[in-house]
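Shared chain: subunit A. Partners: subunit B in the first complex, subunit C in the second.
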Partner chain A sequence: MALVLDTVLALLLVALAWRLLQVADLFQAGVLFIVFGLLVAVVWLRLAAPDVALAEAALGAGVTGALFLNTLAGTGEHPREAGPDGAGGGWPAWLVATLALVLTAALVALVAAQTGAPGLPSPAPAAGGKLTNPVTAVLLDFRSYDTLLETAVLWIALLGVAALGGAPVAPPEPPSPVLVGLVRVAVPVMILVAGWLLWQGATDTGGAFQSAAVLAAAGILLRLAGLPVPPVDGARLRPRLAAAGTAVFLGVGVAVMAAGGNLLAYPEAAKGALVLTIETAVAVAIAVILVALFDAVGPGRRPSR
Partner chain B sequence: MTLAALPFALAGAALFGLGLHALLVRPRMLRKVLAVNVAGTGVFLILVAAAHRSAGPPDPVPHALVLTGIVVAVSATALALALIRRLQSAGDDGGGD
Partner chain C sequence: MTIEILAWLSLLAGTGFFAAGTVGLLRFPDTLTRLHALTKADNAGLGLVALGLALRSGSWTTAAFLLLVWLLVLLASGTLSALMAAAVED
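Showing the complex of A and B:
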């Protein structure tokens, strides 16, 4: 029975992807993409990956969707009027279809070869200390480099966007009073939830990225309501906060070398405090970066002359 | 991979194909950004489905990889969207294209 439901969910996902890539109206495509992301989050839950589900719902569906729709608003033209969006692009249609089919078939063959493959005896390396959530343990214990570098990737994305020029300005439209009222109630709760996710991440589903996504969503809501977002609005504060995640992570990682360990090899005694310090800095930095990215693609910035 | 994860792995393969196809044939850049995201989601689905190697709890290493992947996808999407905005404003300045 569960297999039938899972199959229906999988088919729904493929149908939604087909629709969002075909529909002529790009605004509709953006909304369908958010729905698609939320459905993917349900799939992660079915696959027993709640950490990935949270990240997908907040980052994959929420932030990507917000960035896309904000870009669409920023282009300032009705999405339908931007010319035909049919087949084309200079490649023969049959060649592209064949290429996509061959690659899909190769992936199906790869998937089929995986069924019945022997499993690993113990899935996770034993997590020491206070970290009992296996995914956080893998991320910060076993693959710290990974998290450090992806914090750096987001920072570099912001540097790239900043290099394209233009300072973001406040959106000119007056916000609806209903939105402002809602935001005033919702944002403090969201900040609380973000803190809880960060703390909870050590032992259960959650962590710096999920927490950052909730904080960023609060920042974007403030932005849409025309309210100030103090950590992002300060021209001096923003770049420092954005760099702080990578800097603190790297600083702690190098400091433990002075104590005689390897890079990013935290001593057992102080592991809990060090990891919490890093996760807090990373969460705040990523939230600031995401809101700054939202500002950069939006309608607030007009072409400079 | 266990049988329960199979439908999602196959859907992942289909999403990759759909995304790749749209990336190549659709001329509008905003659509290409969506197409890359759909194709990436397909890859993530295959990875997480493959984490179910046996009946026990899933392997957390692919989960951590996919978390990283989602963050990198958001970064790349943001940069792509900013580049599209910049290209458009450059086109406006140059009298349109």
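Showing the complex of A and C:
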């Protein structure tokens, strides 16, 4: 029985992937991508990986699908080529290029000079602190260096999008009262679920990424209903929150060095609290980044201020 | 034993609703009638499946979670149907 189910799932996945690549209509492709992501989530569940399934369903199918469809909706309003304004000004190109090259070389030298992998002193991931969820232990403790860089990648992606130009602000369409009604009920529940996922991530299925996906989905729903999203709307608050994930992660990582450890090698006694601090900052930052990306690619439903 | 039989009856009825809803989705002529077919699967079908699973779980916590999931899906699918119907009307 299980074999039949798994075979059907696997075949369906391949068929969907093929159809997704073949279909000419981009809207259909976006919808197929969401269906594909949901099926992949079911496959992860069958492989007994609920953490990955949750992340795939929320991030892979939900938020990414919304990003795709919103991008499609926004393509009509974005100029095909960047205009002459915005570019130029500031520093000359050769200076920027030289700076980038020097920085890259310095980074490469720094990485090459690292003899041991930092942040990997404990061979047993589930050994210390209160982290009994092996996935969280690997992400935030055992391989925390990777996760730190992942949060940085997301932040840099947002910087790149922001550098391409701000979101076009279209006059908000009057949202359907039915949607507004749903959002008013659903968003508080989603914030609660996000907090719960964050908290129970230490011991059970959940964690910063899943929590961030649910928060981001709540933010996107607020956007669609034409309601404000306070952490993302503030022109000063948004970049700070977006950078906070990487900053807090790095700050804690460096702070434990002052206590005599390696980079990101948390002391056993404070491990639970430190990881929760990092996860909270990372979850909020990723959620803000995802909503900001949604704003940047779409037709722009930011409520007028 | 009685609970087990009730649970299976509920699960079977639920999958029946899902099957009927899918047939309706495939066979009905236009968007509004297709939405009509889908809501039966989402509302009654999922409710019966959740009820069956809650009976089989033997745990009040699991049953409460299933109820919550069903209520959230009810809310979402109802909203979605309304939005799609409104989009068709335009």
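Remarks
FYI, the second predicted complex is superposed on the first by the 246 of 305 C-alpha atoms of A that agree within 3 Å, B and C clash if a C-alpha of one lies under 4 Å from a C-alpha of the other, contacts with A are read in each partner's own complex, and residues count from 1 in each chain.
One rule holds for everything that comes next: a contact is a pair of C-beta atoms (placed from the backbone, for glycine too) under 8 Å apart; a residue touches a chain by one contact, two chains touch by 3 or more.
Keep in mind the model is a prediction, meaning the values are calculated, not measured.
In the superposition on chain A, A:F33 contacts subunit B only, with no contact to subunit C. When the two structures are aligned on the shared chain, A:A97 is found in touch with subunit B, with no touch to subunit C. One of subunit B and subunit C touches more residues of subunit A, and that partner is B. When the two structures are aligned on the shared chain, A:G260 is found in touch with neither subunit B nor subunit C. Judged by the touch definition given at the top, the superposed model places A:P174 against neither subunit B nor subunit C. On subunit A, the patch touched by subunit B and the patch touched by subunit C do not overlap at any residue.
Within the complex, the subunit A residues that touch subunit C are 176, 178-179, 181-182, 185-186, 189.
Taken together, the subunit B residues at the contact with subunit A in this complex read 1-22, 24-28, 30-31, 33-35, 37-38, 41-42, 44-46, 48-61, 63-68, 70-79, 81-86, 88-90, 92-93. Residues 72, 75-76, 78-79, 82-83, 86 of subunit C touch subunit A in their complex.
Only residues 2-3, 6-7, 9-11, 13-14, 17-18, 20-21, 26, 29-30, 33, 36-37, 40, 43-44, 46-49, 51-52, 55-56, 59-60, 63-64, 67-68, 71-72, 74-75, 82-83, 85, 87-89, 91, 93, 96-97, 99-101, 103-104, 107-108, 110-111, 114-120, 123-124, 134-135, 137-139, 142-143, 146-147, 150, 153-154, 156-157, 160-161, 164-165, 209, 286, 290, 293, 296-297, 301-305 of subunit A touch subunit B when the two sit together in their complex.
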